[in-house]
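Got a structure for you, questions after.
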Amino acid sequence: MSNARLMQGNEACAEGALAAGVRFFAGYPITPSTEIAEIMAEKLPLLGGTFIQMEDEIGSMAAVIGASLTGAKALTATSGPGFSLKQENIGFAIATEVPCVVVDVQRAGPSTGLPTSPAQADVMQARWGTHGDHPAIVLSPASVQECYELTVQAFNFAEEFRTAVIMLMDEVIGHLREKVELRENLAVVDRKKPSVPPDRYIPYVNDESRIPAMANFGEGYRYHVTGLTHGENGLPTGKPEVAGKFLQRLTHKLDPYLDRIQRWEEVELSDAELVIVAYGCTARPVREALGAARREGLKVGLFRPITIWPFPSGEIAKLGGRKFLVPEMNSGQLVGEVERIFGPKNIHRYNRIDGELITPGEILEKIREVMA
Amino acid sequence: MSNARLMQGNEACAEGALAAGVRFFAGYPITPSTEIAEIMAEKLPLLGGTFIQMEDEIGSMAAVIGASLTGAKALTATSGPGFSLKQENIGFAIATEVPCVVVDVQRAGPSTGLPTSPAQADVMQARWGTHGDHPAIVLSPASVQECYELTVQAFNFAEEFRTAVIMLMDEVIGHLREKVELRENLAVVDRKKPSVPPDRYIPYVNDESRIPAMANFGEGYRYHVTGLTHGENGLPTGKPEVAGKFLQRLTHKLDPYLDRIQRWEEVELSDAELVIVAYGCTARPVREALGAARREGLKVGLFRPITIWPFPSGEIAKLGGRKFLVPEMNSGQLVGEVERIFGPKNIHRYNRIDGELITPGEILEKIREVMA
Amino acid sequence: MVRVTENTQVIVNHDWCKKCGICLAFCPKRVLESDELGRVVVAKPEECIACRICERLCPDFAINIEVSKDE
Amino acid sequence: MVRVTENTQVIVNHDWCKKCGICLAFCPKRVLESDELGRVVVAKPEECIACRICERLCPDFAINIEVSKDE
Amino acid sequence: MSGEQVLLSGTGGQGLILAAIMLAEAAVLAGHNVVQSQSYGPEARGGASKAEVIISDEKIYYPKVQTPGLVLAMSQEAYRKYGLNLDEAAILVVDSTYVLEVKPRQKNFYALPITRLTRSELGGEQSANVMALGVVAALGNLLTREQVTQAVLNRAPKGTAKRNLKALEIGWQLGREAELPAGNRNAG
Amino acid sequence: MSGEQVLLSGTGGQGLILAAIMLAEAAVLAGHNVVQSQSYGPEARGGASKAEVIISDEKIYYPKVQTPGLVLAMSQEAYRKYGLNLDEAAILVVDSTYVLEVKPRQKNFYALPITRLTRSELGGEQSANVMALGVVAALGNLLTREQVTQAVLNRAPKGTAKRNLKALEIGWQLGREAELPAGNRNAG
Amino acid sequence: MFSEISEYFRTEALPHIWCPGCGIGTVMQALVRAIKTLQLDQNNIVVVSGIGCSSRMTGYLDFNTLHSTHGRALAFATGIKAAKPELDVFVVMGDGDAAAIGGNHFIHAARRNIDLTVIVINNSIYGMTGGQSSPLTPHDKRATTSPYGNLERPLQLLAVAEAAGATYGARATAYHNQLLTKVIIDAYNNPGFSVVEAVSQCPVSYGRRNKFKTPADMLRWQKEHGIMKGRQEIGDEEFLIGEIFRAQAAEYTREYEKLRQRLQGGER
Amino acid sequence: MFSEISEYFRTEALPHIWCPGCGIGTVMQALVRAIKTLQLDQNNIVVVSGIGCSSRMTGYLDFNTLHSTHGRALAFATGIKAAKPELDVFVVMGDGDAAAIGGNHFIHAARRNIDLTVIVINNSIYGMTGGQSSPLTPHDKRATTSPYGNLERPLQLLAVAEAAGATYGARATAYHNQLLTKVIIDAYNNPGFSVVEAVSQCPVSYGRRNKFKTPADMLRWQKEHGIMKGRQEIGDEEFLIGEIFRAQAAEYTREYEKLRQRLQGGER
């Protein structure tokens, strides 16, 4: 017997959060993400943490930001309709640089749609859902093990880069049960604390790192947090010079760290004439189809973005000159990013939007068609 | 004296709405869109219509959809934070195919940002802000006259194609005062009514037109409206065949009409070596810089998308082989659509995000740089 | 005095009935019983007093009391 | 009896004062007046009874009553 | 083992998802790779219910059952959807309590009165899922009885262990016995 | 006329935006093209306020003033921002009620006690904006007195027409007179 | 007999999706009986719901029906009624729908006293999503997100409605379904914002976790704990049924119509 | 004297942005005086606000301050208090902020009786956006979106708070600023959700449109219409000031702490 456990994707996500040190959860139930809240409701008080079911998703997002300001690692989880509602406050977390993680377990939409069926149609929303310019980190797990590990990673990114990180799951992965190893030796990152006494603390300092140190409420560093454009002292200002500098830093704060943030998996790419770019649940039928295709002598490989935003364009650019196929459970979203690298020539799509997971057979057929 | 009137962009938008036959407005104040609500509050009861100030933006969007179901042409107006909040119900309007128009007068964000300063940073949100796959029509006026005319157009599109249309204005245009001619002979389109008796009415019929005829509540055609995926009879279903068919029709309902929906303006493009793609307020400094550049012998022209979504890619593709410059008051949004057409080579950007309108001087300098 | 009970019919729509057991539990006359698979059986139709409690409490419109007019 | 009024100073911070006129209107002793541009003038400092009404009602922390300790 | 695909089908409320989880758990205990998934009707109750388990010693990519090796159908509708046209190489188990009309089938067919037996032996329908699990596990030859027993213990809601173990035992027995006269039985 | 650019500056509450609208309205009445815009402090009140008008017979693309032909400064801060380094070819009008420190300037400079005069002539500061408009319009030589009068009538809040017409008259007079001794006056 | 009321149903959509023993069907019956009694014009009736088990009701009713978004039914209904006041607008919501995410629309619709007939189906739980606690879950009761018993107190929905400005409030249960029909009739007849709290059983997501063995047990609990208004003291888990409050106030759409007429008469 | 309280301010941020005669500054002074009287640890105080003129207050106060999003201050504050109950959390909101877009968070924070000290600055209008009607704008008064006079009735905010479960409610005015300081102290001392409605003047966006010539006129109106609780009848535009209600109930964060301890003691 191994020490592996059978676990659902949503459960693994919750366990990952606990492993990352999460001690606060605020949420509002919604299929297919609810299990995450239910597990947190059970476990957090046992660990001295806090679970609170808020009156709606907007309040949940707000409570998570509030909790994070006191120093707690804080999580919320939702699905499409709730994700739409959270957008304003997600923008607030990003603008005020308060670390937190938002899980969106995608279901089929738009609107109420097919609440119990999978889709990958919040991909663009995860990048652009809140108003105004902003940076975004969005991760996409393709297995239950990854739900666990990427949730830890999401918190590490949130804490290190002081931002709201999106875990973009889908109904297939969230409800799937697989063997998971809850590795204990995962690196856990905590936010950088001020190294100076309160009177010398500059809460939104614009230094080379682009990531200011963060004091927690109640620890003697009194400062101001506002969603208005603000100076390095945190106080609001509309002066174009100051506001502009802040917005430049904010919008480009991730740029120096892209190497570390962008993650992907490559499968049989070296000799591949066709590169399939697939992520989340869709990567799985692709993986299955790959074997069959290779057996037919079709030189095809998989590029699986794990970080879907910032999209690993640089890495994909290196694969220029080949054909691409981007299968998605939407009517074509991330494929646009591949087009931005190469233009639309030789970029193929395969889309399914009826709430059913794409099958290996469909992928294989499409591979044959594209390579014919 | 001419019969032209001095009018603010927001005012022209309100007048356009009235000219289109709007008799219902629900909203929640927010700078820089508030004047639209204020004008509607004054004028609608005089015209036998209804203005209601709701408790928030979510409720405003809901009330507008409700009113439209009774047959009223209905409008709401907001800015960034409110636009984020409306996203869930915008998705509902699109999914249930209830005509309405949402004005977003863009201000600088993210979050509260610079509430009284302009930006163009909700461009991607206007396309992708709500969860799930969905079609979108988004219009971008560059003058006060266009605020008037495009609002009429927005309602015509909403009514003809049964969808929520976004008027994506910006603070510059919304608060600008210019001479406007309130043309009386503008074409006004009304939703297609059922031509069959109630017992033969199929509320979400999937015919060639892709746009079902719409009965109004209270007129004898009793039917069901739901944001769940539904069959042609309007009743909810999760069956992949039926749901998939519905979602296909919905997502692609605009495809046959792109020719009519996509609008743009071309200025001095015939011999242009550099094409500037600019929209909304940014088109104005570009227009001004064009003259100066031409005087310097620089062959440069303007392509101004008026319909920014669906983006007129086909038209721009015809301009292949030239250089492109996409100046925006954001850190690069619509430029991605141009890159999708050609790949990133020869596509240049110019971005300003400090809340100040780009100047003709900046554009001119950039033109020189790009053409050097 | 007219005995309406005699002309009462208790009709169960088995396509709609979900075997929740509510009608059984509240029938004052124990007209209804359930079989081994939980299906509603009109065991003592003659006892029915047409009080319609079952009809009103049934969440599924699955039980119907028909009283014939000619008493 | 100590007459504190004698040691009271009424100090207006003109950098903060927004000339709203509230202090003038509520001073029970009419200590304060406004000049032709609306600026607050301490016209009758000697009348001030240090009631601090002006101080508490001023929305701008622009008027200060200093009572010297040595009466 | 490479890709044993099991499909448990019936109606919401019969507890088939839990049975599938127990089956998957047992496979984990046995050191196999496993994926378990399900699909719901409109937000989780009432209609058709389907739970899937794939057990393999290789990596499992595609998580949905494509060619089931064993199908359990606990309602007529489930039989119609998943049993009726099932390849004869695959094992088909139907709960004859609910599945009353079946198409004759040459082999690998077991019609067993699972729910009826649960009622009579355990006084109520709860644990019919575990009895079914016993049948499936015994017929599928996938796992040892100990592994399945342990899985039931791990996953049974507290307070129900005893009852469920008993159900499992009966189910296991039922499966074994059904198998004895070698396949081709139509107990419809 | 090609691109007359006018900038009215001061603090929020002085009504300069309304004055700018009236100016723009007059230009429309005169058949010109015009754009009028403004910028606010933090959501509309308190701080600095700037209203801009561009009048032209050609199409006006860029809506913001780039090289003002006339600047009105009704506060010391506004003077510092827009008046201090103004090209001497442009006309600079300051309200000497508020703008107390000015840099000497060779020409096109008019320091006039607009607010003070409004107080003394009209008993209160309301309408100082319209008086300023009168000055600006007279000095700018942009429009006829009738056009400006009509614009004030069109745009004045109801109940204030009489007062505003009087303010306009005084302002116009003030502007005309200031101009008479030919430019270079420093009434600081 | 179902045939007496079947004209008000989309019979082709039945049987409905609710679980065995769920009280929502019983509440639906009471509503339809009220509408039948009121003899309203079917074409003139709009029923609006949000999202939840309760809100699926609109799919089964043969009126103009709108199944909107979670919590927003009253805002949609406000738009409908404000735009076309001659429609008879009913609103059906779950307790989570109405009191959790929808709480703000609830108090503002009440404040406006807009003429809507509102039925809140209170099953003390989020049924649709599988049994999380709602703002109306009683203290100490179990839910999947209150695994140790609910720490919070339930919202006094009718008290809030009254404080916010509603002009009619009543409570009945699935068990007391004739009373339910009656108070729905009264609610409709009140020209203003009228709320009926319909206590209902959710055997699957609430009952199972809270020691109710069968749906019938839950109905018995309703029978025993619903106390007709008038009795002076009520015990622990008891609650009042019947008309709870009634008040007088101007109704929104009528006020708006007066404004239109005033303005069209030239006044401002 | 400002110097007595200046330690609680970010003096570098003054003068503030509020209009001449705006009452928010006066309310801010009353709040600071209350905090000074209470002798609270400055580092332990959090002040949360939403968006609006009133909510700009947090920028001027030298505590841990959070200027959040419109209407959501209480939800942010709930997260702060729930995560770190030892903090003293004050919440400052405008009437629109608290009662319009924020109404739902308001009733649910009240229901939880979470230990927050809430000051709603009621100037009867949306000040920041230039004078639209708020849910607390009195009937018939003018606003830019009620150009013909407000058709709606104002929300009885304290009545709703009480019905929803708040355990302390009081009202004072900018004019009655010593009372205001006192009720803020009492509100802080009440271990639960405590609401102070601070009636304030907005001369620019409300006063001008509603026949108040000067800020002083508005303060005079407050003086004359604010009636100390106790008097039996109050007239038309009059309103009660002083402590309005007080109640007993379990407080959310303390209940949660009890749960943690119970579970860590091994119980479930």
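Brief remarks on what is shown
Each chain gets a letter, A, B, C, D, E, F, G and H, in the order it is written, and its residues are counted from 1.
What we mean here is this: a residue touches a chain if its C-beta (ideal position, glycine included) is under 8 Å from a C-beta of that chain, and two chains touch if they have at least 3 such contacts.
These numbers were taken from a predicted model, which means no experiment stands behind them.
Common neighbours of chain C and chain F: there are none. Simply put, of B-H and A-E, more C-beta pairs touch at A-E.
Each chain gets a centre from the mean of its Cα atoms; for chain D and chain H, those two points are 28 Å apart. Rounded to a whole number, the gap between the C-alpha centres of chain A and chain C is 56 angstrom. Mean C-alpha positions place chain E and chain F at a centre distance of 86 Å. Note: centroid distance chain D to chain F, computed from Cα atoms, is 36 Å. Chain contacts: chain F has residues 41-44 touching two or more partner chains. For chain H, the set of residues that touch two or more other chains comprises 18-20, 51, 56, 67, 69, 100-101, 103-104, 108, 128-130, 135, 148, 256, 259, 263.
In chain B, 31, 45, 55-56, 58, 81, 88, 92, 111-112, 115-117, 226-228, 236, 238 are the positions where the chain touches two or more neighbouring chains simultaneously. Note for the complex: chain C touches chain G at residues 13, 15-16, 18-22, 24-26, 55-62, 64-66. Put simply, chain H touches chain B in their complex at residues 51, 67, 69-71, 100-101, 103, 126, 128-130, 132-133, 135, 144-148. Residues of chain D touching chain F in their complex: 36-38.
Only residues 100-104, 107-108, 111-113, 135, 148, 151-156, 159-160, 162-165, 249-250, 252, 255-256, 259, 262-263, 268 of chain G touch chain H when the two sit together in their complex.
Listed in rising order, the residues of chain E touching chain C in the complex are 97, 115-116, 119, 125.
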